[in-house]
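Encoded as structure tokens, the structure appears first; notes follow it.
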Amino acid sequence: MAEPIKKVVLAYSGGLDTSVILKWLEDTYGCEVVTFTADIGQGEELEPARAKAQAMGVQEIYIDDLREEFVRDFVFPMFRANTVYEGEYLLGTSIARPLIAKRLIEIANETGADAISHGATGKGNDQVRFELGAYALKPGVKVIAPWREWDLNSREKLLAYAEQHQIPVDMKRGKKSPYSMDANLLHISYEGNQLEDPWCEAEEDMWRWTVSPEAAPDAPEYLEIQFAGGDPVALNGESLSPATLLERLNQIGGRHGIGRLDLVENRYVGMKSRGCYETPGGTILLKAHRAIESLTLDREAAHLKDELMPRYASLIYNGYWWSPERQMLQALIDASQVHVNGLVRLKLYKGNVIVAGRQSQSDSLFDTHIATFEDDAGAYDQKDAEGFIKLNALRMRIAAQRGR
Amino acid sequence: MAEPIKKVVLAYSGGLDTSVILKWLEDTYGCEVVTFTADIGQGEELEPARAKAQAMGVQEIYIDDLREEFVRDFVFPMFRANTVYEGEYLLGTSIARPLIAKRLIEIANETGADAISHGATGKGNDQVRFELGAYALKPGVKVIAPWREWDLNSREKLLAYAEQHQIPVDMKRGKKSPYSMDANLLHISYEGNQLEDPWCEAEEDMWRWTVSPEAAPDAPEYLEIQFAGGDPVALNGESLSPATLLERLNQIGGRHGIGRLDLVENRYVGMKSRGCYETPGGTILLKAHRAIESLTLDREAAHLKDELMPRYASLIYNGYWWSPERQMLQALIDASQVHVNGLVRLKLYKGNVIVAGRQSQSDSLFDTHIATFEDDAGAYDQKDAEGFIKLNALRMRIAAQRGR
Amino acid sequence: MAEPIKKVVLAYSGGLDTSVILKWLEDTYGCEVVTFTADIGQGEELEPARAKAQAMGVQEIYIDDLREEFVRDFVFPMFRANTVYEGEYLLGTSIARPLIAKRLIEIANETGADAISHGATGKGNDQVRFELGAYALKPGVKVIAPWREWDLNSREKLLAYAEQHQIPVDMKRGKKSPYSMDANLLHISYEGNQLEDPWCEAEEDMWRWTVSPEAAPDAPEYLEIQFAGGDPVALNGESLSPATLLERLNQIGGRHGIGRLDLVENRYVGMKSRGCYETPGGTILLKAHRAIESLTLDREAAHLKDELMPRYASLIYNGYWWSPERQMLQALIDASQVHVNGLVRLKLYKGNVIVAGRQSQSDSLFDTHIATFEDDAGAYDQKDAEGFIKLNALRMRIAAQRGR
Amino acid sequence: MAEPIKKVVLAYSGGLDTSVILKWLEDTYGCEVVTFTADIGQGEELEPARAKAQAMGVQEIYIDDLREEFVRDFVFPMFRANTVYEGEYLLGTSIARPLIAKRLIEIANETGADAISHGATGKGNDQVRFELGAYALKPGVKVIAPWREWDLNSREKLLAYAEQHQIPVDMKRGKKSPYSMDANLLHISYEGNQLEDPWCEAEEDMWRWTVSPEAAPDAPEYLEIQFAGGDPVALNGESLSPATLLERLNQIGGRHGIGRLDLVENRYVGMKSRGCYETPGGTILLKAHRAIESLTLDREAAHLKDELMPRYASLIYNGYWWSPERQMLQALIDASQVHVNGLVRLKLYKGNVIVAGRQSQSDSLFDTHIATFEDDAGAYDQKDAEGFIKLNALRMRIAAQRGR
């Protein structure tokens, strides 16, 4: 077999699973472990992860605040395409993985590690996303995916292993959620437990970021988002950094019950799975971006984007962020966004995001003089329509003459 | 010029515009006029149109109830594709036009007419939809589009012409709406007037089919829709004909404030325009159809449909229902729907349509034994994922080795 | 591990590799082996395979002539789409695999076998094609791919194994070709050996089905192919069965040096490989089919097919013939072919296939009266073009007015 | 009507048609005419056009050598996409039009002209290409298309008009070709006359740039083309400017009988038409570019390009070079070409272009160690293929278990 592994960079959360993995890697591979913990807006303190890693004797500990990079270089580019997977899913988990993969590899290069490791299972999409990214960025890297290797395939076995190896296990947030969850600045997701029955409605208790539409305020709230080059840059007139802007939208959307989603989706590994998602800020952003594009984007540019979007979404979902085809599509998408500038006014009310207005001083392609139902003073010659229709119909008329 | 026109079939609503057109056609072309009035669920009595046509001396009067055909052969096939134009518009107006065009041509053939006429303007999409359909079905037909020919280009001139020619004008529904409207079983639309400013929010008074989310009941309502072969066939356990089912969904959706839309859209004739739409039943149906597909449709089948949908939507929007390319896409779409059978449970609440459950006895592809987070008893071998990822990454690893 | 294998159906050619596999399966799995040998036009006698299987003690021997089924149900449907992979490859190997997979499974069902086996290596596409087909048709089947399991990974080891187990090895065709080859009615392919250097030109000696263009006759030959419903049905006025027709085209094309191809292609498993192909009949057929479509197919139907063809080609190349998405695309393609009827006249000369004429009595959409440079007597109103252009330009004019 | 036209820029060839147009414009519109004559490699002297314009009293005469710009900024970008229209046509005429449109508008801006004019008929594609380009670049420009306006709709009437107005008519090239022709550095085309019967083979006399394959040399010629960033930069080791390189390829290809094409194509205005084309250099270039891409381009990048190519080709064919959607696609295409560097060796023989070799020092993705049929020393783990296949098959296995 291949040469032994000397040092591995582990995507480390500080939780039970990755703490067990840390120990297991040392024991199984006899290698040094570098931990990497990132703040991508999951809403948890990072210092406990540092303390825990130190307590477990880790020498090289990386703790990064990646929130701005995450939103600026991953979330916003994706939203330029109005990206949704399978008609509904806003790709909250998927879009965070390539950034983690990139940092894992950067740290491997900095620390001279020859392998990386992660805590994703062998059934899910995340293993694919981490590893495709890693291989694309460092082709010779070794990847250790403990869940595909070990036999600690239940919570009980993990706890036993932890106890046996004196790994400190602190139960966070009082009682442990029965769901498998993932969170970052774009969303929080829930899988497993009773969600495994697609006929079963999610219980109200499960949701963490949003109130239910029923519990949202009885009065609507209006909101104005300013776009520049296809990206949101200001909220109600206040310029905000990408991460701050998205965080604010999450808060506002969350209190209006916006952005809950309950899906059966198709995983890249070939199975269907049930997931529930809360994406309050992203849901608002998608609606707003479409609205500003409706005013400023050329028709065929918009349609071309719409036709390519499902493929672009699949690439991200499947973990191909760092592939040449994703980059080519991004070049196409970005080329369309230079004129996507302007202001969108939205009304938020009990789960609804309603477009209340859109304007663009410099870039609106809405021409009132032409579109008007009133007299347009010759801006548009209605007689042109006859020739337009006649020639567009010509091929069908010829076919019909042949009896088709 | 061409030979004179002897008989023309007019798409006749009984309203001011088409009454003036009726008279104008007789006067301008010295031709006989056949009127055709259809019930496609616009919610207006048809008998007044008959009386008016008789009063104006029309000899051949066609009054058709096309509601079932409309929903069964046009609306439902379109919904099999989860069709939306430009990400949002449910194509309520567009999908009715090919049926009108087809009946106009059938009646022309039955009555020996050599021309058809309609009341659509020279700026809009409907002229294109009527005429492309007509030419595709009867290549030698002549089309008279008065709005592109005459100079009666304002309401005042129309009224003056009506008075001068003793055309009875009854003001329907009390005061005339300031909007240009279109309605059928799928939707009602509004254009013009203050909507011509895309920054201006639509006034609450404008909407006719739905209450506002604010005015909707405080209690949610649950609903179950049964699908067979991709089409809805029963509501809360009651089998219903296509038109009846859609009508019911409109009522239910309408009272929960569901299906309002406010858009800037791109017309086929090249301009942007603002439109507001109410599509309560269609909005529910789209959500429900996606939900049942999420359980019963293969991943790649679903993705292929998603990628082709924008093009299919454009074809319908632009008036190409009767084209070979629309028929080819329909063949592809329909081939995917045979297994789309099952039940969807929805929760309606103040503008929200929320999926609460989906099931399919015979056709679910959701395999709990494989998808589970619990022990799957060997249904899925996690080790397979390693090879899957390795080979999917191979091309990128080779590229990275070359320094890309 | 899983339960033991009792009976396996082996795709058996009678050659060294699959003879070794036969023995190896018996020894390794202690199972019974059923052999399946098919005539798909590879140009080899099948009786020696029967004799050899008998000599090795096989009890259930299947020998099938699948030539007509192969051409009628696989080759012709594929050619309806003008299918080429990566711009050049006519998919000769790929299209035969789903038929073999189907027969393997049918025989497994007939004989009560629980597994199938094949002689494809772990680096190529054929393993994928065999196995995806098998799994799609019989989800619980076990697949044994000896090349991925054993350590007989060189010709020397195979020969040693054969000698050791008294497997009769007859050296066919005098000296063994240094290339890895595959043949059926559609093509013959060459890989390996000196072809592994993409800068190295293939030696003349390698090619088996075609003369070189230089060695082809100095006089051209004309040929007429009749199409019905998109498929070729007659050659020079003679109605022929699918397999006979393709065989004839291979002979004619072969003597005119037609259909050689030298490619670097992208395998599904992630690597690039060099291959040389001879597809004389297929090359003629592709040109002829495009020619008859050029006359009889609607423009947008043709363009839609062209846009979807690369994906359809990839599906076949990658082994997804039995997938729902391939079937959906086939439904779309077939829906376009009903009017593809007529006659194509071709000139063959030293490697060239030149269209010399095309006609269709009933289905030509070429309208001389409209297309003519001479006076068309009003069949087409040139003034229509102005409106056509003006409205197609409108969106770009509005954008240009905004300074874009 | 609109305000009168004061000055018009005419695309002027010096031939009969545009000379008559020149005079007709002056007479009909009472306007000044600026002539614009470009060398795009059509192979005609430009000075006679200058002399003729002077003789007709034109004050502002533009004569431009646009050959390098044409090939560098239009032909080469198009070839980066391996662009063919309807599977065969290399777009020789189409790609020249946007450049002419651009210069017409630049000259209109320089000379203060308010209109442009051209000699394209109302039935063809060129009117659309000129005018869409013009409108996109100068939205308020007026376009005069005499062929759509006047009644000089035959050669006799043109000659009579010329005689009547003393327009000098010199019969070029001895006897006038019976075909409507167009030429530039990329190709020469033929339409009309006996070609209007698609069953009729083109006569040998028609072709001007190439010898017939029969008349080509009996000995093949080898050729090496160097690519950098997807564009050809050297021939047989000699660096050449874009126009010079294409000119050389035309000469070499022409003498080997390469690049003849005989097509029925679908015009944008809705009719089918027959055209014959000679594109010797372009035919060589397309083959060479695909060959170097086969070695240097990632699989998915190549497939994405292939899938989008037909749409890109249609955009160019239909005249949308200056549209945002063409520019977006170009951004995608260009993003793929940075690594398309290397050398292609071709064999030319009697109409055949045969790839004899391809290599790329720095950018080849062909990895002999992995692709080899010999022992690869562990570069590729064949066992990975099993997991790859298993997971790719999973969705189909689940479906098959449900009886699909």
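Chains: A, B, C and D, in written order; residue numbering restarts at 1 for each.
Criterion: a contact is a pair of C-beta atoms (placed from the backbone, for glycine too) under 8 Å apart; a residue touches a chain by one contact, two chains touch by 3 or more.
Each chain and its UniProt protein: A, B, C, D = Argininosuccinate synthase.
For clarity, every value in this text was computed on a predicted model and none was experimentally measured.
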item	value
Same vs different contact residues, chain A (Argininosuccinate synthase) with chain D (Argininosuccinate synthase), by half of numbers used	same
Listed chain pair A-D, C-D or A-C that repeats interface A-B [over half of contact pairs the same by residue number]	C-D
Intercentroid distance (Cα basis), chain D (Argininosuccinate synthase) paired with chain C (Argininosuccinate synthase), Å	32
Mean-CA-position distance for chain C (Argininosuccinate synthase) and chain B (Argininosuccinate synthase) (Å)	42
Chain centre separation in whole Å, for chain D (Argininosuccinate synthase) relative to chain B (Argininosuccinate synthase) (CA means)	41
Shared interface positions of chain A (Argininosuccinate synthase), touching two or more other chains	266, 269-271, 298-300, 303, 323-324, 364-365, 367, 370, 380, 383-386, 388, 390-396, 398-399, 401, 404
Complex contact set, residues of chain D (Argininosuccinate synthase) against chain B (Argininosuccinate synthase)	298-300, 339, 362-365, 367, 370, 380-381, 383-388, 390-392, 394-396, 398-399, 401-404
Chain C (Argininosuccinate synthase) contact footprint on chain D (Argininosuccinate synthase) (complex, rising order)	82, 86-88, 121-123, 127-128, 131-132, 135-140, 145, 147-148, 153-154, 180, 191-193, 196-201, 213-214, 218, 220, 260, 262-266, 269-274, 290-291, 294-295, 299, 302-303, 306-307, 310-311, 314, 322-324, 345, 347, 349-352, 354-359, 364-368, 370-375, 380, 382-386, 388-390, 392-393, 396-401, 404
Of all residues in chain D (Argininosuccinate synthase), those that touch chain A (Argininosuccinate synthase) in their complex	266, 269-271, 298, 300-301, 303-304, 320, 323-325, 327-329, 331-336, 391-395, 398
